[in-house]
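Each of the two complexes below includes chain A, the first together with chain B, the second together with chain C.
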Partner chain A sequence: MGERTRQALPSVLSVLLSLVVCWQLIALTRDTDGTAVATAAYLEMLWGGIGDWPRFIEGAAVTVLTRPLGEAAMKAALLTLTGLSVAVAFKVGLFNIGAQGQMLLGALAAAVVGAHVTLPGVLHIPAALLGAAVAGAAWAGIAGALKLYRGVHEVISTIMLNWVAVRLVDNWLVVGPLRGVAEAGASISGTAEIHPTSQLPRLLGDSSRLNLGFILAVVAAVTVWAWLARTRSGFETRAVGLGDEAARAAGIPVARRAGFAMALAGALAGLAGAVLVLGTEGRYPGTLGAPYGFDGIAIALIGNNHPLGVGAAALFFGVLRAGGTRMQLLDVHKSFPELIQGLALLFVAGRLIWLAALRRRSTPTVATAAPPAPAAQVPHA
Partner chain B sequence: MSLDIGAGELLAVVGENGAGKSSLMNVLYGLYHPDSGEVSVDGRSVRLKSPGDAIALGIGMVHQHFMLVPTLTVAENVVLGREPTRRGLFDWERAVREVAATCERFGFVLDPRARVDTLTVGSQQKVEIVKALHRGAQVLILDEPTAVLTPQEADELARVMRGLVAQGRTVVLISHKLKEVLGVADRIAVMRRGRLVAEVRPSETSATALAALMVGESQRAVTGHAAASGEKLPSDALMEAVGLPVRGDDGRPAPGGGEKPGDVLLEATGLQARGDNGCPALRGVDLAVREGEIVGIAGVDGNGQRELAEVLTGLRPLTAGRGTLLGGALTGLTPAQARARGVGHVPEDRLRRAVVKALSVEENIALGRHTGPPFARGLWIDFAGRRERAQTLLASYDVRPPEPTLPLQALSGGNQQKVVVARELDARPRLLVVVQPTRGLDIGAVAQVHARLREARAQGTGVVLVSLDLEEVLALADRVYVLFEGRVTGQFTRAEYDEREMGRRMLGAEQAHG
Partner chain C sequence: MLEIIHRLLFATLDAAPALVFAALGAVLSERAGVVAVGVEGMMRVGAFCAAVAALVMPTPLAVGVGMLAGATLAAVHGYLCIRWRSDQVVSGIALNLVALAGGTFLLETHFGPNGTPPIQQLAPWNWPELASVPVLGALSGHAAPTYLALLLPLLLQGMLTRTPLGLRLRAVGDKPHAVATLGLSVPALRWGAVLGGGLLAGLGGAVLSTTVLDRFEQHTPAGLGFMALAAMVFGRWTPLGAFFAAAFFAFGNALRIGLASSAPGLLDVVPQGVLLALPYLLTLLVLTFQGQRNSTPASLGVPYEQESR
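Moving on, here comes the complex of A and B:
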């Protein structure tokens, strides 16, 4: 078994197991035909995520494919960006619980640049994205600076900053100074509508919400992967995360690497906010309730904190969540995809058990020399 | 392999790193499970599924790294896991009484009320032994017990072990130190490459004969290397490894030192620095190192040696004093600057300071040198160059297994150390700071590390060798500084070496007559 397979297998098995468990749970909620309903619900969820291929083959319009795919892709894009945010911080040994707050700040910055700055189309989108990335990075930078200069644990500070972000943005700026005013004096909720020049272009026609944000997320995942795996500074970042004292002795600027990774984490979460505002919402809405920042923690852990693993996990759960609403056709609650995600996270957390089980199977060529319990898998607490 | 352990005997198991000693003992202690074969206790075949099973069968183990809770008292540590209770609550007084009784029964002088972190390393080890005995261990396995002890503490431990055997307990001692094994064991089992190659009685053998048995075919590697470097190995290596110092390199003056001194690499006066606990650890050290010499730093553990090494490598700031290191100031030195100037470092705490155990072997070889060729090209990692260099070094230093992609933690301690030494010397440092470079290494690896240090000296590198093993210092160093409580209490050149006088200086006798 290759090293990559061995790394990915616990996550794959966890997801499969959670699918089985949820299937069983749906079946149990029915008095009759439980298993048949559960299977049908899963199929609905699938067609709702990757497009309704059966109906398309029967001759329905192409929108039965593009609409669901658009929904799945946009959810996947947001999960990818917030998942990367958590994963990047994790690589340098920090636990970023604050992707939600960073996303809020990024969303607000994108909404402000999109609505209040006038720029030609080629520049407006990059400017709004940049603004969002900077805002997210700055918000994460507060936690990073508190950690580096005052020794404040980043878990505590990022959780608190999430609340500060909600109060600051949702409860003040968006209902106060930045509140949008519609024509004819009628008030609307949220900030002013963004200029069309800052809208992320849609890629599959107007009926599908698939837009440039998805491409952005894919590029972000590949870029982060290439940075971590292929560059000197990425190597230094990983070394700091896995052994900061040894990294320091090797002449690596530990504080700079940690600070950069934390800022990058914030920038990625900020971009998620921008994709939400510039791609689908068109303004910062009355409240930005979607907890993609928190989902990012689950996605990062299920993706084993590997940038491409994060992308794969985000894609999978994007499909499930987009399709989840269609399960309601069968009277199955739409929150089951979230339950699947939660269970998968729970099973991934039992990673040590998976690894132990896998090790017992394979011949212990190396295992005899390895320490009995790889406690290094546990994030720095 | 098969091995019988008699009741009431002191069996020593010796062998190179990776020979399988620790694996064997971990099987006996239930940490590893044998692929085939069986373990019998008192003639009954048993399956040891966990250390709990082993403890139930009266097998106790004292690990090389202690498994104690530093902030708890001796008594609390000993009873941990089977605490005496009164009405459901921990009965502290009873724990103290019980532990005191156990100590008395086996002749240990320990205060059960003392907090473990206030004890010396030797006493902490006694706590580990008492813990095993308190749980009714009949067979006690000690893994490299003297690696962390001072000579006096090691002697004390030998007495303790003999005392246990006299009371009918069985002791299995895993060790590299042949002299010590010969002095204390009833029987010696020699392992090599996972096999038992000999079982001998101390009266029938000698350190040299044991060493030859242990090294076996890997001796060829040592010989081959020695021929290449023109040194008088392997007999030197064997003698050193068994603890018999080779004096004076056969009277040969050190290249670059002695007759024609090389350039001064390091010159420092009045160095002061604080230790981890914030107390002054260096209180004014003067030091000079020239090209092509090995300068030994001798002293009892905790007298400022570690802090001195950290100051020289930029890891610890100076609080006073000044110095010139390879053309730059010593004050404000960072680890990156130290490396850039040509300082190599083999630190004492390998897993914390020298390597990142979860990274691969080749990534660890690149660590600290990853910014330039052959490890990087511009901002990018040069995978091909790194792999090639790693393979060359692994072969040249006989690292087993020579797999650059394995995580470093899959290697044994000795092989990890070889990777560190290979990396640091491959950088061709002008000044090399090595701390306890052979602690816990087997005979073959010790010989190799020593040969490499001499080779570096021959090429003009100045070496600062910090070692708690005075014999190692005497065997390698051209000059020796003795440190006591953060001050230099003695300086000796090779012609002046006098172990007894050095010992006195190590205990603080500064003004004694030389």
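Moving on, here comes the complex of A and C:
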């Protein structure tokens, strides 16, 4: 078994096991026809994520494909960005639980720049994205600075910063100073609507919600991969994550690498918020809804903290989660894919169990392959 | 004035127990060196199972079911972290995600979006002779968990600081290899602490759905588990400290709710969102300025391996 397969196999097996367990769960919670309902629900989830191919073949309009695929791609884009955020921090040895808070701040910054700054179209989107990235990086920077200068563990500080962000943004800024006012003077929930110049352009026109954010996420994943795998500072960042004492002895500026990685993590999470606001929501809504920041932890670990693995995991769960809404047809709550994702993370957490099981499985094959050679040598000995 | 203090104290004593139990559970687990990020998830399953159990059995028994549910989730955490040396934060986060989505799924499948049907709440204990005393009278009229939440921190503090078992539990969180050289089992001590922590977190959740509310609601416990973690850190990983921190947070919350109804003008000066963020901000400040007196257990989050020294 190759090293790469050995690295990826626990994640793949965990996702498969989670799919089976969750299928069983639907089957068990039904009084009649459990297995049939479970299978039907899974099929709905699939068609809701990759497009309704059976209906398309029967002659339905092409939108039965583009709409679900667009939803899946946008969910995947958000999961990729927050997943990358957690993975980058992991690479330098920090556990960024704060992607949620950083994303919140990024979303707010994008909404403010989008609504309260007037710029031509070419500049407005980059400005809003930059604002979101800086806001996320600053919020993560607090945790980074506390870690480097005061020795505060980043797990605790990012959890606290998440809740500070939620309370300050959702319970104060968005309902208070930054609350939007609609044309007629009636107040609306969330911040003011962003200018059309700051909306991320739709890639397929009106036939789906797929927008520039997806491209942004793909570019981010490839860039982060290239940085980590192909540049000197990326290599040094990984070296710090593998052992900071050794890295320091080798002359690597440990604090600078850790600080930069944490800021980059925050910027990526902030961009996720920007993609949500500028791409689909059009404003900072009353509350930010789904906790993509926490999902990022699951995506990063299922993707084994590899930028391209993160992209793959995000794509897979983007499809499932876009399909989740269609499971409602069979009275399965739309958050069901989150359960699949959570269980998959739990199984990935037992990585060593998988590796032990795989080793036990592969030992006999080695044993049967090996004996002939020594056996041939016995007469000589 | 006395009346206001009485009402504030009463509200605090009603709301604090869930937070206190969860914080104590987190302290117990973390003092033995196992990270307790999963407290939120344990509270959620505790709250859910207690609310469902109370539909078919007396409420006090249902609270016990909630505790066992919390301990079951803690057992998964223990199996992954102690037996298989998994990353404790990852395992805890995974349990939170599973409890969040799983709770929603089961609730929607069996009861619908409005939560479980209402159940019989735990009965309050009334002491008429105490109730007439000013201020102290706020102690009367709460359900059993309130009094347990006043007693348990003392017991746990005594256990951790004054008994051989407590010494061993603290040692296993600081220097597990030293404990092993005494011929004691590090895994057994950590298992005990993790399961105990699960029971307490489950109790915290069960209290939410049997005294604070009369059902399981979709968002229960809505981040209270993370506030319990803040109370644990704020209280420097000691049971009494965590108790005072949790009580302080609960009192602040009661004060905020009281102000919102009686003096809404004041909340224009200090917005509610800022007050809601205060527990976490204060915890961050405490962490920032604790300096050399760092009270984090030394081996917190480090999986124990007999062979590694």
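We adopt the following convention: the second predicted complex is superposed on the first by the 359 of 381 C-alpha atoms of A that agree within 3 Å, B and C clash if a C-alpha of one lies under 4 Å from a C-alpha of the other, contacts with A are read in each partner's own complex, and residues count from 1 in each chain.
Criterion: a residue touches a chain if its C-beta (ideal position, glycine included) is under 8 Å from a C-beta of that chain, and two chains touch if they have at least 3 such contacts.
Remember, it's a predicted structure, so these values are computed and weren't measured experimentally.
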item	value
Which of chain B and chain C A:A38 touches, first, second, both or neither	neither
Partner chain in contact with A:M103 - chain B first, chain C second, else both or neither	neither
Partner chain(s) touched by A:A312 [first = chain B, second = chain C, both, neither]	neither
Which of chain B and chain C A:L78 touches, first, second, both or neither	neither
Contacts of A:V155 with chain B and chain C, given as first, second, both or neither	second
First, second, both or neither for A:V164, with chain B first and chain C second	second
Between chain B and chain C, more extensive residue contact with chain A	C
Sites on chain A touched by chain B in the complex	3, 230-233, 235-236, 238-239, 242-243, 245-253, 364, 366, 368-372, 376
Touching residues (chain side chain B, partner chain A) in the complex	18, 23, 31-32, 35, 313, 315, 334-340, 345, 347, 352-359, 363, 366-368, 370-371, 376, 379-381, 405-407, 409-412
In the complex with chain C, residue positions of chain A that touch it	25, 29, 95, 97, 146, 150-153, 155-157, 159-164, 166-173, 175-176, 294-295, 297-298, 301, 331-333, 335-336, 338-339, 341-343, 345-346, 348-353
Chain A-facing residues of chain C, complex	35, 37, 76, 80, 84-87, 89-91, 93-98, 100-102, 104-106, 108-110, 223, 226-227, 229-230, 233, 271-274, 276-277, 279-281, 283-284, 287-288, 294, 296, 301
